[in-house]
Amino acid sequence: GVNSSRWIISPMDTRYRCWETWMAVLVAYSVWMFPFEAAFLSACPHKTEQLLSIARSIVDLFFAVDIILTFFVAYIDPTTQLLVSGSGQIAMRYLSTGFIMDVASTLPFEELLALAFTAKHKISLCFSLLGLLRFWRLRRVKHLFTRLEKDIRFSYFWVRSARLLSVTLFLVHCAGCSYYLLADRYPHKGKTWMGVINPNFRETSLWIRYISSVYWSITTFSTVGYGDLHAVNVVEMIFIVFFMLFNLTLTAYLIGNMTDLVVEGTRRTMEFRDSIEAALNFANRNRLPPQLKEQIIAHMCLRFKAECLNQHRLIEQLPKSIYKSISQHLFLPIVEKVYLFSGVSRELLLLLVTRMKVEYFPPREHVILINEAPLDVYIIISGEVELIDYGSYNGGHKEEETVVATLQTGDVFGEVAALCSTRHGITYRTKTLAQLLRLRTHDLIEVMQIKREDKATMIHNILAHI
Amino acid sequence: GVNSSRWIISPMDTRYRCWETWMAVLVAYSVWMFPFEAAFLSACPHKTEQLLSIARSIVDLFFAVDIILTFFVAYIDPTTQLLVSGSGQIAMRYLSTGFIMDVASTLPFEELLALAFTAKHKISLCFSLLGLLRFWRLRRVKHLFTRLEKDIRFSYFWVRSARLLSVTLFLVHCAGCSYYLLADRYPHKGKTWMGVINPNFRETSLWIRYISSVYWSITTFSTVGYGDLHAVNVVEMIFIVFFMLFNLTLTAYLIGNMTDLVVEGTRRTMEFRDSIEAALNFANRNRLPPQLKEQIIAHMCLRFKAECLNQHRLIEQLPKSIYKSISQHLFLPIVEKVYLFSGVSRELLLLLVTRMKVEYFPPREHVILINEAPLDVYIIISGEVELIDYGSYNGGHKEEETVVATLQTGDVFGEVAALCSTRHGITYRTKTLAQLLRLRTHDLIEVMQIKREDKATMIHNILAHI
Amino acid sequence: GVNSSRWIISPMDTRYRCWETWMAVLVAYSVWMFPFEAAFLSACPHKTEQLLSIARSIVDLFFAVDIILTFFVAYIDPTTQLLVSGSGQIAMRYLSTGFIMDVASTLPFEELLALAFTAKHKISLCFSLLGLLRFWRLRRVKHLFTRLEKDIRFSYFWVRSARLLSVTLFLVHCAGCSYYLLADRYPHKGKTWMGVINPNFRETSLWIRYISSVYWSITTFSTVGYGDLHAVNVVEMIFIVFFMLFNLTLTAYLIGNMTDLVVEGTRRTMEFRDSIEAALNFANRNRLPPQLKEQIIAHMCLRFKAECLNQHRLIEQLPKSIYKSISQHLFLPIVEKVYLFSGVSRELLLLLVTRMKVEYFPPREHVILINEAPLDVYIIISGEVELIDYGSYNGGHKEEETVVATLQTGDVFGEVAALCSTRHGITYRTKTLAQLLRLRTHDLIEVMQIKREDKATMIHNILAHI
Amino acid sequence: GVNSSRWIISPMDTRYRCWETWMAVLVAYSVWMFPFEAAFLSACPHKTEQLLSIARSIVDLFFAVDIILTFFVAYIDPTTQLLVSGSGQIAMRYLSTGFIMDVASTLPFEELLALAFTAKHKISLCFSLLGLLRFWRLRRVKHLFTRLEKDIRFSYFWVRSARLLSVTLFLVHCAGCSYYLLADRYPHKGKTWMGVINPNFRETSLWIRYISSVYWSITTFSTVGYGDLHAVNVVEMIFIVFFMLFNLTLTAYLIGNMTDLVVEGTRRTMEFRDSIEAALNFANRNRLPPQLKEQIIAHMCLRFKAECLNQHRLIEQLPKSIYKSISQHLFLPIVEKVYLFSGVSRELLLLLVTRMKVEYFPPREHVILINEAPLDVYIIISGEVELIDYGSYNGGHKEEETVVATLQTGDVFGEVAALCSTRHGITYRTKTLAQLLRLRTHDLIEVMQIKREDKATMIHNILAHI
């Protein structure tokens, strides 16, 4: 095992990923060229024919290399989710899954047949039929797209659009080539779709013939159907019947996919509109003063923007160990600097930190109202928080509010009320968008019970601070 | 900072909003005219040509003004959600984002090139290519539509339909102009899509040529494809192949959007039907008497209508401070007039008011049943509530119900049972659609504990009332 | 008020509902005939022309009657949800909403104009323009369809399909008539879409001309576009451009609606498949014995069938008063006959009955397992329940189960364990699909505390029964 | 009853299921051949005509047998969900539901009429009209597809696609045959859609005529509409108008179905992307170190893969009795071998086993963290779990972790802390994908109270193990 694993490649290796992508490109080339060659090869000048043949050989060589390479690539076992890198196991798995088809789709049947038979027309037919084995390779392109769809570095919308476009283009190309083949092989030249327009179509350039085929193909696929090119004999009619049945499905599939993407893309805007509309209806029905109405709308807008910042759900899904690492990395540097915890043991800080939660508040939102029970202690990570005095409750008129002080990054608030178990004596309101660390009073007191000396330090800190 | 900010414009300023809308209109004009001019300018009479040139210059002037103006428009910083109005910061941001493209799309290349070269055909080509820079301006129209989609003063359905229609119309117009350009520039006049029908098409009026182009374009886009106008040469075929690929996507996108809007629009009707159907099935399966069945259906219908009136979810989302302002504004004037709270201190009323919730009851719905525990106290905001006596439980037959009294706006009920901790002695039922303020007995008693003199006043009020 | 209300009609009156439906039929006739008359009236034989004119007058007469009638129809006030039947209020509301348009769409402009002018061609034009006012009447057809969509006696699928079909047919008809009008009014007969095929098309029968127009219209609307009939002159091209833009939207709307209906229709099957699939995966992965696997699948299938029978959600939405009536109607007759409650006061039974819930159990499902805590007491409404003894726990082999007894409608079980607070000594399993009344032991004991004599009766009943 | 039920067939009987499928195949043949025979029978050579007639008779014979057979097939009563196998009840039900239509669609009207009338053309017409009764049989094919859709052995996507394809093909075939019938029966041969192209179309082979009809049909259905074959006379136009209306609906239905399937198929990928995206945004915004970021992403990916393995929801839906059997079958063999429970009575083990839950943990996930409260005891079913020591908390650096031991299938952990009520002294982390049995400490202790001797055994086991 030790010796062999030196030669084993990890499937997550960047170089192997590049090789896979390169193979997908080669597959795309080979399956694209196959119908073209089957239909137009006899019409090509000899030079082009030779070039295409060489290209085909090189591609097949790459596929042969890939078959050998696959014997050295580790795989992930689906039951244990572990990487299997024993060469025996790898070989067993490959031989029992895709090996035979991979070899069959790589063997150069044309050249082998050319040795056996000498008549050209027979080769052509065999080539057409055995060449269909190459479509087995499309599996690789499908895998690439599936991987890209799950890769969030790329936009889902564009990856799926690219996939649909590739499928459509390939189908249109294949249909065009096949349809030309029908006209080319039909005995009575004048009674073919191309022969009706130009009986000597074989004399025109390859380029014009190919473009005409693709033009017919896309005209039919998109259901425009001008009718300038249409089926003439029965064979063409049968071909079109099946092509159209296939088109119907593909068109419906395209529309279905687009609908899916559109619905996904507009969901958030719709939710936003619904919530704003509900707020406005509420304000109008109750004839709230315009000032209050604006405040409500502004709050709804900000909440919508800040919504994606609150990641409670995400963090709750993570396992405890990862969450511990995250909170240690994020909060410990801040918490260490807070005056309340200066001199407190690292052990206690670690316990505290895992119990904290980060929250975002939009600007001018009240964090703590006067007379509230001391449920939470807050530490400011970013943004500013103001202490506001409303002037001893004389009628609740807002005009008399006074900003007593402004707290900034690293400041803690609510700790005095929490530790003294009294109600808050002042209101705390955010000035800008603020990111706050929230610690439940309950958790703080629970943790403080664990170490007596730390409890003493913290109480000492508070007294010194006041 | 103080001096410069005198010249700074807020992006929410109404006048600036108007300017932005006006600029979007100009953009629409300029990108609409560009393909038309590229295709048909040479066919225009000289007078029209001059007029169009002047219009172009005026539009460009406006865009130049807008570029300068942008240096004086404040922006909202996405991290702090605060308005940035420092001229340095504004300039830095604009220079690093859209400035270069804005300038490039505004420079009058045609005139500059006319100075450099004198041959007309070269200008025409450069004009076509550099003019494509103008499509950069479309960004503004997109922003306008995105803003309108989020603006709930306009119907979402119509804004999105307008957006889709604009995109469709613009595409059809562009495709028509481009297709004409192909026919116009093709050397062999007889072998073009227009030349096949009328070899001297250049002699016909501009109007007929434009309409024919747009007619072909929309016939192809909508996939009708009559076939009276179709591709004749290879260049046209290639153009149509790409146009159709694009059409497929756009058609699917149109259908996807419409499906999204339809699904959204019919959701409520479907929910209504589902609930009614469930109710009816229930009634039929259990063979309920027709009278009871009708009552159930009527209740379901009214509940569906009144549903949008109950805004608990909305209010729960609002921050405490806003909720306090709302309840103070809505409920304090009503609560002050209730006999139970006459003479009670404003401070206590404020505390009570924030604990109240508003609820809507459909007509003839029971609010409190006889013998119920005194969980809530209700104050009537609007509508009427009847006190009903069912005649001392003699078999539960409904016929003997007697309306003892009718309560109206400002009346309170359930308070006696709540403060005496006894079960309710009578049934309360709504007569019309009623809006009630609900206060939990628990909250009422909790608040009463805070001030002894107010508690005394309230008990005195009740005794005086009875 | 008293006198006038004798003449007021309720909008829910069956006869008025019939009148409304009849008016909708007349509207359908009049808007359908209007484009036909505008296009083909001059081509009709004189007799047909007279008949159509008479029909038009009769329809207008009906509309005039309806305008007068509307002054006597009560309406539901949207704010109080009460029926308003004061004739003054009705008149005010009608005059301020639809009255003017109703009168304008009913006045026989053609006849009035015939008195003013004598030249026939002028009338024809005015008739075309003023006749468009008749489309205002379509509002009524829309109301009818909206009402039918909410009426659950009709299938939602078919009502919405009928609505979409009506819209499509009407559009196709209008477009066909308008397109014929263009050909008919165009000065150069040979250069019209109909003239190209048959220059003397005016001599052909009315029937052939109408069918040709509709044939063109539907060919274009469905985007088939054979091309045998196509636009020839510029006016026709412009018409087609707008017609196609409209078609695009309508097609997308049709597909959107169908998608909505299909998604709704297949949701349940999908949910069923998902749950069965999950169950099967679970069974396979854990290699459960086939017998157990079948049991699980059978349970899932039955649960799916019985799901719609459990109406907890519905009942929870109903107000307490209605729920009380329902439970009294449904359960009292059964509960009265149960031996446990014989001789118990009606008052206590009523209290018990409102606390009961009905539940459906699929066949062969265990209701109570041996050794379970006595949480609930069950009364059988329908179906059968078996008492099963598993033979004192010797290894849990199922083969040795013995059916001790079978309970039927009206029997109660679980009551002994509940009142003696012991664990259940036997297993209860359903034999057929069973409908059971469940009463929580907690509720039963709570209610029993209220009346001492009833408690004694019940304990006496149990002792007598054992 | 006893005697008759010997002859009764169960509807779930495999042989009867095969018969039903065979009948569906025969239905497919007969409804497919009917329009073909109606249109082309007169054009067939005499030999083919005789063959088709014999085939028709054989099919009808099978249907007759099926009618008789149905009297011996039991059915499931929808109200009791029990199998009804009384022959009287079966006969009553069949006679009152489908019997008459089944007989009407099976009677050989053609042969019966041939006896009555001798003129051939009259038979042909009657045959066409009465043959429509055969479409009643399609009900069986619909039932087959509905059954297949609910059968999870077949892919939902492919069954529904097959259903849609069958409907489409059948419609295209019917439309083609009907359209040929129109051309064939029209008096003026030159003025038909086929006669325009080839006036002597009746002389061409049957095959060419059928393919041409189907080619026209599919060209129209797919809305391509080349226009090479189009309506010529009024009758054909009317036929096409109705055919297109029907097509519109069917196309929309196809697209709606495809959208439904696509949305269903992509939901999981979308959810995966959303969760990964949220995780990555969170990591980037908080600038987490790359190592931690990778850990989070890896966790999200694994969680997504293992998600389908956690079947809590499924098990919660199962009735208690089935759950008991499952847990007994799955967990008892494992639990019996655990050292902790050696010598414990089977009764207690059964109680414990029903309280256990199976859970999957991805590799390298922490199951228990050091210092955690002892909430759960775990037994390993598969996979491996490591005991890790982090080296007495010196700064929380991960590098110093030491694997103390590795636990494997059948091992139990967490039991010491649970029974001694102390905090865990070490961290437990999965090494591979692990399947664990979780038992709440609370449940374990509760069960232990039931039997004193078993409690003593277990404590003895622990002491011996340590």
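Just so it is clear, A, B, C and D label the chains in written order, and each chain counts residues from 1 on its own.
Keep in mind that, in the parts below, a residue touches a chain if its C-beta (ideal position, glycine included) is under 8 Å from a C-beta of that chain, and two chains touch if they have at least 3 such contacts.
These numbers were taken from a predicted model, which means no experiment stands behind them.
Asks: Can you tell me which chain lies farthest from chain A, using the average of the Cα atoms as each chain's centre?
Replies: It is C.
Asks: Quick check: more C-beta contact pairs in A-C or A-D?
Replies: Looking at A-C and A-D side by side, A-D shows more C-beta contacts.
Asks: If contact pairs are compared by residue number, which of A-C, A-B or B-D agrees with C-D in over half of them?
Replies: Repeat of the C-D interface: A-B.
Asks: When chain B meets its copy chain C, do both sides use mostly the same residue numbers (more than half shared) or mostly different ones?
Replies: Different: when the shared numbers are divided by all numbers used, the fraction is under half.
Asks: Where the CA atoms of chain A average out and where those of chain C average out, how many Å apart are those spots?
Replies: From the centre of chain A to the centre of chain C is 40 Å.
Asks: Quick one: report the Å distance separating chain A from chain D, using the average Cα coordinate of each chain.
Replies: So the centroids are 28 Å from each other.
Asks: Enumerate the residues of chain C that touch no fewer than two other chains.
Replies: Each of 223-227, 251, 255, 257, 259-260, 263 in chain C touches at least two other chains.
Asks: Would you tell me which residues of chain A are touching chain B in their complex?
Replies: Touch list, chain A to chain B: 161, 165, 168-169, 207-208, 211-212, 214-215, 218-219, 221-228, 251, 254-255, 257-263, 266, 269-270, 272-273, 275-282, 285-286, 288-289, 292, 295-296, 299-300, 302-303, 305-306, 362-363, 365-366, 369, 383, 393, 395-396, 398, 429, 432-433.
Asks: Across the complex, what residues on chain D touch chain C?
Replies: On the chain D side, the touching residues are 79-82, 149-150, 152, 156, 220, 223-227, 230-231, 234, 237-238, 240-241, 244-245, 247-249, 251-253, 255-257, 259-260, 263-264, 308-309, 311, 313-315, 317-322, 324-326, 328-330, 346-347, 350.
Asks: State the interface residues of chain B toward chain D in the complex, per the touch definition above.
Replies: These residues of chain B touch chain D: 223, 225-227, 255, 259.
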